[in-house]
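Here subunit A shows up in two complexes: once beside subunit B, once beside subunit C.
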Partner chain A sequence: MAEKILDVKDLVVEFNTDRGKVTAVNGVNLEVFKGKTLGLVGESGSGKSVTALSIMRLIPTPPGNIAAGEIKFRDKNLLDIPLDHMREIRGNKVAMIFQEPMTSLNPVFTVGNQIEEVLELHQKELSPAQRKEKAIEMLRLVGIPSPEQRVEEYPHQLSGGMRQRVMIAMSLACEPDLLIADEPTTALDVTIQAQILELMKKLQTELGMGIIMITHDLGVVAETCDDVAVMYCGQIVETADVETLFKHPQHPYTKGLIESIPSFDSTTGAKKDRLPTIEGMVPSLFELPEGCNFQGRCAYASEKCKGSGGEPKLESIGNEHLVRCFHPLA
Partner chain B sequence: MSEYLLEVQNLCKKFPIKGGIFGREVGAVRAVNDVSFKIKKGETLGLVGESGCGKTTLGRSILRLIEPTSGSVIFNGQNIVDFDSNQMREMRRKMQIIFQDPYASLNPRMTVGGILSEPMDIHKLCMDKSERRKRLLQLLDQVQLPQDALNKYPHEFSGGQRQRICIARALAVEPEFIVCDEPVSALDVSVQAQVVNLLMDLQKDLGLTYLFIAHDLKVVEYISSRVAVMYLGNMVEVAESSELYGGARHPYTKALFSAIPKPDPTLKKERILLEGDIPSPMNPPSGCHFHPRCWNATDECRQKYPEVKAESGTHEYRCFNPIQLQE
Partner chain C sequence: MNIYTYIIRRLLYVIPVLLGVCAIIFVLFNLVSPDPTLIMLGKHASVKQMAELRAELGLDRPMIEQYFDIVKSAFTFDFGRSWTTKQEISEMIKAGALPSLTVTFPAFILATVIAVAISLFVAFYRGKFLDKSVVLLCVALMSISSLAYILFGQYFFAFKLGLFEISGYEQAFPDFIPYVMLPILILIIISIGPDVRFYRTVMLDEIYQDYVRTARAKGLGEKMILFKHVLKNAMIPIITFVVIRLPFLILGTLLIESFFSIPGLGGITLNAINSSDFPVIRAMTVLSAVAYIIFSVITDVLYTLVDPRVRLG
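The block that comes next holds the complex of A and B.
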């Protein structure tokens, strides 16, 4: 088994709002191994990004608050260490790529400047000339043509795909052990998405980092991840290795998600008349139902799910396959 | 009258680029370049392409929300490009549009009832009070929203429900043709499937004709009977949707389809990775616009602009070296 680099245990994140307290992340457990990719899937508001930001300790406090749990990075609990120490880890050992390459770069600095800033903070032994050299080298690594010239350019001179490459170059400048990619390709076109995903895979084999891939696109998960965790209303409802999850989904929500993707197989035979859907919508975190959070949309819901059985626990059904459901599918 | 509800012929849209101190025209972006296609009554034509390829400009030029530079749009046998504003207003009753972002396309200060009434007021439909109310409730029913939605404001609804309101607004004037401009891109997967189903049900019930614009090929392929692929303002391939996936002839179409991540981890991937980005439409490459990214490009592609080739009646493409199909 590969080395475990991140171990998140029973993470609870709460936000104080005008309407009261909401629990955005409720008891999440995650493990990331060296050189492996963990996919974190779910719809908007399911707590994917909040989980990621907690690992980076970037939850705005207040209103946010990590109420319980531990985030073990190698042998350190990231929640215990002081903030200025965290700054040495963040961007250095643990890095993050954000969703919007358009808004997460500073428009008034050249891209070279922004990559050098990371090095200036974390690799103080480098001289300015060496930093620039390293920035050029990073741009070359992520496949930007004529990096010597690009390093002097501003974000607005680059296309979306190029900007995302710059973001990746920045996050990898210090060769992190863990990379958190929060919807890295959602804002990009499919052909550019294919380039970026391929690039991330290549860099992972070269640098051996662990990746948390946050996405709502199950296609991206199937192509890039080794393990998958499916989130719903702040909880993990199912986790398994990627092949098991797609072949034998146990939670009705996972199954619904997989089925609601229009598939190309329909071209060979008669087209399905309707897409299978998950009825209804994600409940508000303020009005979570008793019992299972998914019961209102679930075809298999019984009295037990509606509150009499309490909240379902995330239980193992063998082979590191965990599911939070009273009636897992066969 | 022909079997086609909409015929677009050689449609062009150029946006001038102004430069210099006097703001003279120094160039033009050819957002839509010589595009022709036809849509049959009751059919859905899907329109795909990457950002900046001119999909949205094309959709809007058809409704004359953007004035086309040249070419004609023949709707129900009449060329609407020649219409004056009164005729056009009359015509817009027949042609509606659903926009991409359901958060930005609804007025936050109007109730749902007000939003749905406005198009009827403009076209003087159902002016009798009780008749109007009946119609509003019928619309809500058609898009599967509860009746008490009438007095609520857009912020009280989720993204999927707002898109239903947008659909109801488009349906209010009983159109024949709807341009759906990325109607499901902003929605979550599970909600996306609900809205796609709704659009297909409405088409069946009301005999609507759609131009369905999206960058999500899976959705387009699913909902459309025919699919058109655009690249840098040109339509590079049109075919039956069942034919296009397996039998793409244009290299760009092939690459586009191969780039979609498949939700099956066991599948062997034959991915064609396109090099580079889409060139700027301000300064498109010579010859075939796709040649700098194409692995089949020859000297001919670099010099000449390919003409449309037709095959088996419905399959058209613009390429000198189309992909050979394996039988």
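The block that comes next holds the complex of A and C.
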């Protein structure tokens, strides 16, 4: 088995709001291995991004705070180390790319400047000339044409896809062990999406980093991930390797997500009659029901799910496949 | 397009704007305001007296000629003579501009630097007790009338403690310094409240931008983020706010100058208004319009230097 680089244990993240305290992430466990990609899937508000930002310790505090848990990166608990130390890890050993390529780069600095800044922070031995050279090399690596000119350009002169490539170049400049990609392709055209995912996969094989791929798009998961964790209302409801999850989803929510992927019948080329959807809405984090959080939208919900059985636990059904359900589909 | 052609083009745009401004000034002074001869001679003046005065002041000439006098004065700064003192107005402006500037310029520079520094500081501690207290203090400073600062300053600091001169002015350098210290201090106190609030909003607008999160994710410290990333982005609204107020520094401050007997343009304007000295009032109006237009060109040019997204064109 590959080397484990990240081990998140029982992470709890709370936010204080005007309406009271909400638990955005409630007891999440994650493992990321070297050279592997973990997909973190869920609807908006399921706690994916908050989990990711917690690993970087970028949760805005206040209102948020990490109430409990452990984030072990190699042998260090990132939640215990001083902030200075954390800054040395950010952008260096653990890097992150964001959903919004249009606004994530600083508009008043050249892209070269912004890539060089990471190197200046974490690779102090490089001279300015070497930094610039490395920035150009990184731009070439992420497939930006004529990088020698592009390095002098400002973000507004680049398209969304190009900007996301710059973000990737910036995050990989120090060859991190772990890359957190928070919906890196959501804001991009489908063709550009495929290119970016392809690029990330290629760079992963070259550099051997572990990736956490946050997305709500199961197509992206199928394309890029080795393991998947499905999140709902701040909890992981099912986790397995990608093939098992797609072939044998155990949680009704996972099954619903997979069924709601638009697809064509591969033999006839005909469109499915009607795209199944998951009925109902995600419950508000302020008013989570007793028992299973998914009960209100679940066709299989029993009395046990509606509170009499307590809260369902994330339990193994063998072969590293965990599911949080009283009535797994089997 | 390079920066020089841009500046030249931008200056050419100034011409129609100036013609329009002069037209408005002309309408205000010649068609809307009361007959100046009535004001000067009183209501018992005879028709003959009025006609003579009109001829003397040049008010009997064709309208278009009078309009072009204003336009000409905008370029030559030759505003004619004052009706009351008979002095050359351009000389009066020259004499008054310097005393005004000795008060307003240092006050403005200091207030801006202090306010930007404080706003960066409170942006760093945003939402914390310190930030909230500073905002509260700013509102308190803004709520007090500037008259209160002037009277308190003159009575307490100048009269009781004898730290500054109560009022008056000396033309020579450095003799004027003790006279301008208190006015400068008061001007800073008056402007620091609104300034800090404005700059703080600007900084906070920037601090919640996505690029700041990216900078943090890179491993940058908060200070570097504020001074490098945030400040450079905040320069655009700051420049607008600062440069557009510069022309008004020449015109001085009516209240401060009259309370401290500083012979600046503010005082001259005030006297001109009191004595219906139309040419002087008009000169001040033209002067501020020209200054405003020129400084707005400067603002545009500065934008191109700080913001790469501003295209020359």
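One rule holds for everything that comes next: the second predicted complex is superposed on the first by the 323 of 330 C-alpha atoms of A that agree within 3 Å, B and C clash if a C-alpha of one lies under 4 Å from a C-alpha of the other, contacts with A are read in each partner's own complex, and residues count from 1 in each chain.
The definition used in the following text is that a contact is a pair of C-beta atoms (placed from the backbone, for glycine too) under 8 Å apart; a residue touches a chain by one contact, two chains touch by 3 or more.
In this text the structure is predicted, and so the values were computed from the model without any measurement.
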Combined model on subunit A where subunit B meets subunit C, clash or fit: fit
Superposition-derived comparison: subunit B or subunit C, residues of subunit A touched: B
Which of subunit B and subunit C A:Arg19 touches, first, second, both or neither: neither
Partner chain in contact with A:Tyr154 - subunit B first, subunit C second, else both or neither: second
Which superposed partner A:Glu88 touches (first subunit B, second subunit C, both, neither): second
Subunit B versus subunit C as contact partner of A:Met170, first or second or both or neither: second
First, second, both or neither for A:Asp217, with subunit B first and subunit C second: first
Contacts of A:Glu100 with subunit B and subunit C, given as first, second, both or neither: second
Partner chain(s) touched by A:Ile261 [first = subunit B, second = subunit C, both, neither]: first
Minimal inter-chain CA distance - subunit C and subunit B, angstrom: 6
Intersection of the subunit A residues that touch subunit B with those that touch subunit C: none
Contacting residues of subunit A [partner subunit C, same complex]: 56, 58, 62, 87-92, 95-96, 98, 100, 103-110, 117-118, 121-122, 154, 156, 167, 170-171
Complex contact set, residues of subunit C against subunit A: 127, 209-211, 213-221, 229, 232-233, 306-309
Sites on subunit A touched by subunit B in the complex: 43-44, 145, 159-162, 189-195, 197-198, 216-224, 242-243, 246-247, 256-258, 260-264, 266-267, 271, 274-279, 281-282
Subunit B residues touching subunit A - in the complex, by the definition given at the top: 50-51, 158, 160-161, 188-194, 196-197, 200, 215, 217-219, 221-222, 241-242, 245-246, 255-256, 258-267, 269, 271, 273-274, 276-278
